[in-house]
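Below you'll find a set of structures to go through.
Below, chain A partners chain B and then partners chain C, in two separate complexes.
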Partner chain A sequence: MAAATASRSGLRSALPLLTPAYLWLTVAIFLPLSAMVFFSFMTELPLSGKPWAFTLGNYAAFFSQSLYLTLLLASLRLGLEVTLWCIVIGYPAAYVLAKVLKGRSREAIFLLVILPFWSNGLVRIFSWAMVLREGGILDTALNAVLPFKINIDLMYSYPAVIIGLVHSYVPYMVLTCYLTLQAIDDSLIEAGRSLGASRLQVLKRVIIPLSMPGLVAGAALIFVPVVGSFMEPRILGGRTGTFYGTVIEDQFVAVFNWPLGAALSFILLAVVLVILAVASPVLRRAA
Partner chain B sequence: MATTRILEWLGRLYIWLLLAFLYLPIIIMALMSFNVSPFYQLPFEWTTEWYASLWQNNQLISATWNSVEIAVITTVICTVLGSAASLALFRYEFRGKKFLQALLFPPIAIPWLITGTAMLIFFFGVGIGRGLHAILLGHVALALPYVIVVVSARLQTFAPELEEAARSLGANQWQVTRRVTLPWIMPGVIAGGLFAFAVSFDQFVVSYFLATPGQTTLPVEIYAAIRKGFTPEINAVSTIIIVVSMALMLLTARFFKFGGEK
Partner chain C sequence: MAGVQVSDVSRSFGAHKALDDVSIDFADGGFYALLGPSGSGKTTLLRQIAGFDFPDSGRITIGGESVERVPVEKRRIGMVFQNYALFPNMSVADNVAFGLSVRGETKAVIETEVQRALDLVQLGKLGGRRPHQLSGGQRQRVALARAIVTKPRVLLLDEPLGALDKALRVDMQIELKRIQREIGVTTIFVTHDQEEALTMSDRIGILRDGRLVQEGPPEEIYNRPKSEFAATFLGDANIFRGDTTGDGIRLADGTAIVAGVGATLAAGAKASCAVRPERIRIATDAGAPDGNPNTLKGQVSKRIFAGNNSTYFVERGGQTLKVIVQNTGMERLAEGQDVVLRWSPESTVLIAVN
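Showing the complex of A and B:
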């Protein structure tokens, strides 16, 4: 009984402090997300003055036209590829940071690695256009070094989109893996080595399993936004950069079919939630 | 051991390669903003004319002021509301607390494309409409969870006994908060505020869906310019943005350790 009273009085004292923040989140995030679900079942926006009705047509459009499903699969594939590259590039870097570098140099380099990830994403994507386009830096540099003439024009291609996205998201992977790798006791690694395990065996049996939560957290943090990306494919992919995200963008800024856009967004949200739900047991174990 | 030495050396080399991958495009972009050729042609010739022409671009200047204004207001609102909520979540026990804490993650985890389009539909539907006020409404909501998470992390290091002690010495609730708790969590509040500023100042996706032609922010304006074609002016304004946001993050790092190290 005492606990119940304490709990009720706790809520009474907490409410004035909590209400403004959560009210704001409700108005600007939770209600909009609910409204999106609602609108996705309509033929027209009720405010446009045109008559509207409830319909399943927007979802039928997704399932009947193979275009949308194909694009969703393309976006999922893009997310998978970018995530894998981030693991391949980011994990070794996190390992070196956590286990090789020490003291001030570790702190400084760690800061340097995660610094770009809080700077403007749009600008960083734009910066790759300078490097990748024909007559850009990569082209010029390679032609200066190589004895024969080659034309490097990666701009407006699938690899350009991958490079830009990996550049944007690899700091996430370094950050999450670094946190779990740093927590591994060095004596575990030494024990494995002194018991006769090779470096590779220690890596496979000790280090990778223990750092798995960081890998999964990093993968989820990268995969989800990449599947919903539209600005990066637009700038670096050009005409080859049509993905699920760019089609949603079109519904809102070019075609003005908001109900269809809402349905496509909601399908993406469902996919994202399933992925987060699958990853969450591992994430909870990490926390 | 020789192998260990070689492996460590390779590791260091690898880190420098990664840093080159992360920074070279940005450095090249910045250099090109000082190059004479409007088509980014080499050899490099120094000029500041692209920066000078930024001053003539009224559209860009007004978008910049919009961005700064929105980021500052977002920072103020988020630090006040966020710190209050963190305090409540730290101080009191009540049913549904876990749920409220879990509610902070959807805004962070859901792609901005989904959040942005949902806001557009809802704000349009209920008559809030689009424009700077809608952008501000959205930015505060996006930044609030970050502030609450950062301030709560700082509160974890706070000893509640200090509040007890102050209370038993006759301080009232407001005095306890102002004199004991707030000074302790200040580094967290400042870091949270800087996060909020960065989230708002760099935000593109949500602003993009809520902007109108006259009422827009700098990243939205840059995106529109990029899609028309690349110009050294874009390099110049991008260079300014990246320097400002990196400086901000360095400042944040002074107040808040990311690595979880002491």
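Showing the complex of A and C:
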């Protein structure tokens, strides 16, 4: 009883601090999202002046055409692959930043990790296009060094999409893992080794379990937006870059079928939530 | 189990000489304290023995085997850290089992050994707890159990009692000593607490600025310090400085002090005498001479009552001397009173000044 009263009075005093954030979230996210839910059940967009009616057809479309499910699975696979590459590339970097480098050199390397955040997303993607295309920077550089002629044309391919997305999202993994790794006391590593564990055993049994929250947070921050991504697939993937996200984008900007686009978005949201719900108990146990 | 020999070990960090040509012999089964102020190199020395850091030069052997380039995980040592360093993601039993499990012992062996180690530190029933559910003293015991369960050749302790409050620390000192006797492991113990070093160890090594100042049994170092630093760092001491006379020193004002123990020095050299505060007798009048040649007159400037004893601060010729008197219920001396101090040559240690 006493505890409940205390927490209620705590909430009351916290209210002025919470209100601005929740007001903003309501206006900026909840209301437009509600409108989108509403649209997803309409036959036509009411803004065009055409007659409209309620329908479940937009949701039925997802199930009646196998294309949407195929693309959704492709997007989930893309999200999984990008997340894995971000772990493979980002975790060691975070480890070195947190446990090996000190002082100035740490600051410098940190800056390099954060740098992609400070550049415009579109500029980033187009600079990759310049690197990856046939006769581009990578192609020219390799041919200048190698004695034989090779032809690197990664542009408009699945690997190009992966490269672009990993580049955009790897800082999230580095930052979340850096934070949890830095919180691990160095004496834990020393204790493990004094007990006869090799560096690899210490990594496996002490460091990775203790940094699991950072890995999970990073994975969630990367997986969700990558599954719905459309800019990188469209620009770097070209013809092969058709994913669930690009189809949704098409509905909004090309076909102007907002109701279908909204319905597809909410199906994606539901699928992602189910995946996170299923994964969270497993991940919590691992952490 | 095994002895540890450290021979001519030096280690520098940049321009700072953390260890400067240190040699110590830690005999098999002994309990050693490495004592020194912070920055004296005692922890650096422990880390060389553990293998977390390698010396620039010199040799380290454990059980006769040269280890100065062997990484820590291959040295078969046990270590207890100042902050305990228990793995927060594991239960108490899993923490203790860690060393056996990375070695690939069978489940049955691990279970028996872990239980035996937990029983030894009197935590037999807490195996299922998490480290954060334990008190400081209990964590300390888990850290100890984890370090000894692998039957290490040497047990290294880095200020293991520093984070405990005083009453618990005294309990743990006794406990640690009991466990060490029971398993007989060579133990090297870093501390800056002189009382801890005196009460627990068989031998003490005093370090200062990366050098070994003196090494020996606690009583020997306490009764026959070889330097002013050793005299004042291990226990308390009154230091008199003057010129050697052959059997003592002559102070600047001409007073002679006769020393019965310590260095043998040629007359005329600069030297000091160290006298422990509890060895000096304090009286209100000159009285009859009691045969002690060392007599000084002074004036009580302050008295600190500490229950079982009192410390008197006596002003004499611009120097403040400390005298500790057991509380026998006799008269107390007032501040400002003129007193006579007397002590025997056997209580006076002659120390060379270099």
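Quick note on the criterion: the second predicted complex is superposed on the first by the 245 of 287 C-alpha atoms of A that agree within 3 Å, B and C clash if a C-alpha of one lies under 4 Å from a C-alpha of the other, contacts with A are read in each partner's own complex, and residues count from 1 in each chain.
We take it that a contact is a pair of C-beta atoms (placed from the backbone, for glycine too) under 8 Å apart; a residue touches a chain by one contact, two chains touch by 3 or more.
All of these numbers come straight from a predicted model, not from anything done at the bench.
S.K.: Would you check which partner chain A:A93 touches, where first means chain B only, second means chain C only, and both and neither mean what they say?
M.R.: First partner only, chain B.
S.K.: Tell me which touches more residues of chain A here: chain C or chain B.
M.R.: Touching more residues of chain A than the other partner does is B.
S.K.: With the two complexes superposed on chain A, say which partner A:E134 touches: chain B (first), chain C (second), both, or neither.
M.R.: Neither: A:E134 stays clear of chain B and chain C.
S.K.: Classify the contacts of A:D185 with the two partner chains as first (chain B alone), second (chain C alone), both, or neither.
M.R.: second
S.K.: With the two complexes superposed on chain A, say which partner A:S194 touches: chain B (first), chain C (second), both, or neither.
M.R.: Once the two structures are laid over each other on A, A:S194 reaches chain C alone.
S.K.: Of the partners chain B and chain C, which touch A:L210 in the superposed model: first, second, both, neither?
M.R.: A:L210: touches chain C, not chain B.
S.K.: Which of the residues in chain A end up touching chain C in this complex?
M.R.: 185, 187-188, 190-198, 201, 205-206, 209-210
S.K.: Looking at the complex, which residues from chain A come into contact with chain B?
M.R.: Touching chain B from chain A are residues 6-8, 10-11, 13-15, 17-18, 20-22, 24-25, 27-33, 35-36, 39, 45-47, 89, 92-93, 95-97, 100-101, 107, 109-116, 118-124, 126-131, 135-137, 140, 167, 170-171, 174-175, 178-179, 182, 199, 224-225, 227-231, 234-235, 245, 248-249, 252-253, 258, 261-262, 265, 268-269, 272, 276.
S.K.: Where on chain C is chain A touching in the complex?
M.R.: Chain C residues touching chain A: 50, 52, 71-74, 76-79, 81-83, 85-89, 98-99, 102-103, 146-147, 150, 156.
S.K.: Could you please specify the touching residues of chain B with respect to chain A in the complex?
M.R.: Within the complex, chain B contacts chain A at residues 7-8, 11-12, 14-15, 18-19, 21-26, 28-29, 32, 40-42, 81-82, 84-85, 87-89, 91-96, 100, 103, 106-107, 109-115, 117-125, 137-138, 140-141, 144-145, 148, 198, 201-202, 204-205, 208-209, 219, 222-223, 226-227, 230, 234-235, 238, 241-242, 245-246, 248-250, 252-253, 258-261.
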